[in-house]
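Below, chain A partners chain B and then partners chain C, in two separate complexes.
Take a look at the complex of A and B:
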């Protein structure tokens, strides 16, 4: 077990190294960040002074080595644009993103699982066909358009919910989130729906396909032949077995949403990491881009680890320690 | 997409607008987040408009950059043209109750080039200052290195901070609000990065009680979302109204739109120096000498461009045609410069006269994410030039890397936007056309122009300065080293009952919002 986690951590260090190298080369190819950072008013003096302050006067490989040696000590550098520690900037905005993604994912699960089960168990019913038809809408409408539509319907025309922003934030039990306040909830609903729609579709389709497949397997037939109650067959024999694939996908999607909720955050002016990273890419703010990527890599690794651990809980056949076999 | 947005706004017009109860609270949504709350860290408008709520300058710029009394009640050059005397306002206090004195002025100008961990771009505005002499608590003598007529205008952009801040203070101490005390109309309350900043009225403000009790400024990057926030009543006013929405909002009786010309000039820089330009070839692809070195070709370009079409079609009317660096009402505007008359026939004749009757091949460059409709402008210019026989290829790219290439002179004809930071022409033509300066992308040189502009910037006789500056603009424009097309217009929209006075520096300031 410990060995397994250690191996995972080693992998992540490799990934971080590769990502860092790519970003260094990528930004170097695009241009000099100082060209964008220093306003057109700046003269040559200021330009060179800035290049020096940011350490951009050194050769690329040297900059890279300096960055790595600081990274090892946990120092991710200062943002070029904000003159603040890059890690602080990213972490400052992370709770907002995680909060939004969690609510969106829960919405998708609460709506998606029952609908998917229903459609899978009764594939021929009209209701099932309606669910499947409607679910296509969720993926085929572009995220951006969906978001604007939601704002215009819920915020402008009906004036039920605010048009954007994060709402009031409170700290309870050491956790600072907008979910502690009613105002916070009223702000999170629309962007969460925007994020949840596509996920919901995915979950419905996934569960439906899985249920249909499992329903035909021998052990289900056997359970039915044994005379088990239908409820027990559905909830224990079928549902529990869809969980493995569900957790895999939800885990992956959760990471994806955290890393790529940029569009939703921009439309709803949600002060999360996505907005920060877009602005940072625009002005080639290398330390922030890197700090963000390092955090995202760590998040992905953690989520995957949790998913793997959950596997072994749900399905005893899956074991993490493969020491006895090849590694 | 644009048409869709219009439809949406159209639909929204029929929806009911929730109108909040009248309160002296104001919520504004602007497009760009600040990079720092430190008033002197970076000369960016998104930082500066926030600083203006909390801090004052010695001289306050009016809507068109005109100097008006701020923390200084009066100022003038002394008999020695290198020394200016500033008489400071008495009885002014910082938000932390310390009195404002000459010491704070000297400190602020010393801090400008020395802000830790910052590009310190305000340095250009104070770099002519040799030293600041504190005569008494309310008198300051500013010594300049050379006679400098722009001192009041330059200083009008530099906020004064308290000397208690200290030279070593890191800008992050401003972001957490600790050092954020000025003399301005509003006191800092709260800052949530990426979301909003709130202020409360400074009841002891020297300029009278501020207009609003509480001010919230929110950052909404996406244009349609900004419009939605206004229509839903979440905010009282928005800045940077998307050009596609201006007409629709204007028709809405619940919304007030106010637009005005800014000090931002859009122009095309031309490579007029090199014998062979990077992006010009003959039509068959063979190398030719740079035609842009010929004045007649530049003149042909100048009149082949239909400015009215750019303003009406590309900019949907939200721009003002330009024939020089600054528009009417701004410093250095020379009314004697004629507006180039669009004339394809004459342009073709000029091309033929210069020996390019068959035209040539040219690649022009523009950004596609920096200025309003920048890529469309480039397309339009391409079509207009093709009518005089030039085969134009249009290349657009994001602003990242664009100016770097320009400075390395890797572009032959490129779109540039430049806001005159002092509201007068020399702050653009000085750095953009003088011999050997970094932003003279086309490397134009003209001794007569250099003599005039240096004369203008080397006297404190304001009449002489004005005359020489206008002459220098005329000399430059006659040689067509750049082709100005239009001045950008900025728009704000508010719910009815509020009225915003547009500012040419594009700042959104709560004190400029009036109840009707």
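Take a look at the complex of A and C:
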């Protein structure tokens, strides 16, 4: 098990290297950040001084090598725009994003699992067909339009909820969170719904298809032939088997949500990593973009690792490595 | 109905509504089952054997429905028995074993979980005594070190061992009837022989009655007391096993027996019944086997009834073969 985790962490270093190299070249090609950073009145002298300070006068490969050698020491450089450590900027924003993504995922699961189970167990009922019809609508509406409509309805027309920002924040056990105050909750609900909708429809469809498939299997028939109560058949024999596929998708989608949150955070001016990365791309703030990517890569790898570990917990047939466990 | 008779099926009629039309999966099937008797239910795939079994268990799901007939279990009518009655019946008085032991046990649950839940479904006993019983049941079907095996998952067992576990589960409540739906089809021959041996032991020890559904005549000839031959949803012939196999009177039964590969015929074509089974969607009136029958005459266009040929044999044919 330890060996397996170590191997995965080593792989992640390779991924970080490749991602960093690609982004480094990509940003270099887009343009010179000094053009944006230096005020329009600056003369050639000031301009060149700035280029030197930021180390942009050196050839690309040299810049990259310097960056890498610092990265190994845990130094991800300073933001061009804020002259603060890039890592600190990203980490400051990370709790807001994680919080938003987690709330959205929980919403999607809480709504999606029961609806999907119902539709899967009773595919012929009108309610199931309504659920499936509604889920198509949910998938089809573009994310950004959905966000704008949510603001229009909930914040503008009805004026029930605020249209943006994070609300009152408290620090609980070293983590800043808006989940500790009512004001914070009122701010997170709308963006979380925006993120959750697409996930929710995905989960409904996934669970429904999976439940329908499992309900026809022999072991479910055998469970019925044993005279088990329907509740036990549904929750133990069917639901437990859908968990295998559910965990895979939730793991993958958690990563996707972090990516989608770039749009949602921009619409709702939610001060998370997504908004930071968009702002940083505008001003070509290379260290911040790279720091964001390193963090996101690490997040993805962690999530995937957790998913793999959960698999082996749920499905006894899956073994992570060749460790000899006596049964 | 005599005392020794545990099950009596009369004119069972089970249909499935599909988009293509109504499928007459089981049409006019009647048979009796005595205490301690093994009844072989034989026919090719799709002949309605399994649906007959599921009908008795009350496990016919939408879009299927039992349209008519009677199922009497120890004198009690099961067709109109409610859900509640059936829940108590299934697994306790009538148990079922399925074809593929690889699929019958839930892969994510340990053997003890699956056995104990079966006990607790019908009896309010402590988990500990349920576990005890599960262990004894495993021992009974010849699984060594049952304590250790209880904590294992299904994938840690071989196919034959799994089928033993399934048989152990079916015997937990000492049921009156076990419906075994092709329980040895997925197993290799040596394991098959062991399972047959276990079943015969159970029959002798607990005088459980068994409905053995299969398409394998050689298995049934070694095991069953009586045989019911099904074709396209109908019962075409029934009687004592040796009698029927030695002197089949229905052309289909005769064809089936001739289709069993014979070791003397090396290099020869294997015998087979020409044609395929007709669709059971809105079937034509008349004998269902007519199209494939070499003896068919004009009268076969009228549906033959199941008639008592001798004391213990029934046949559905206008022109029974004379042996």
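Just so we're on the same page, the second predicted complex is superposed on the first by the 318 of 327 C-alpha atoms of A that agree within 3 Å, B and C clash if a C-alpha of one lies under 4 Å from a C-alpha of the other, contacts with A are read in each partner's own complex, and residues count from 1 in each chain.
Keep this in mind: a contact is a pair of C-beta atoms (placed from the backbone, for glycine too) under 8 Å apart; a residue touches a chain by one contact, two chains touch by 3 or more.
Keep in mind the model is a prediction, meaning the values are calculated, not measured.
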Joint occupancy of chain A by chain B and chain C, clash or fit: fit
Partner chain in contact with A:227 - chain B first, chain C second, else both or neither: second
First (chain B), second (chain C), both or neither touched by A:71: neither
Chain B versus chain C as contact partner of A:305, first or second or both or neither: neither
Contacts of A:237 with chain B and chain C, given as first, second, both or neither: second
Partner chain in contact with A:284 - chain B first, chain C second, else both or neither: first
Chain A residues touched by each partner, larger count belonging to chain B or chain C: B
Smallest separation of CA atoms, chain C relative to chain B, angstrom: 45
Overlapping contact positions on chain A, where the chain C interface meets the chain B interface: none
Complex contacts: residues of chain B adjacent to chain A: 4-5, 8, 11-12, 15-16, 18, 33, 35-36, 38, 41-44, 117-121, 123-124, 170-172, 175, 192-196, 218-222, 224-225, 228-229, 231-234, 369, 398-405, 407, 418, 421, 427, 431, 437-439
Parts of chain A lying in touch with chain C, wherever the complex brings them together: 124, 217-219, 221-229, 232, 236-237, 240-241, 244, 314-317, 327
Complex contact set, residues of chain C against chain A: 57, 59, 62, 87-92, 95-96, 98-100, 103-110, 117-118, 121-122, 151-153, 155-156, 166, 169
Parts of chain A lying in touch with chain B, wherever the complex brings them together: 30-32, 34-47, 49-50, 53, 78, 81-84, 89, 92-93, 96, 145, 148, 151-152, 155-159, 162-166, 169, 266-269, 271-272, 275-276, 279, 282-284
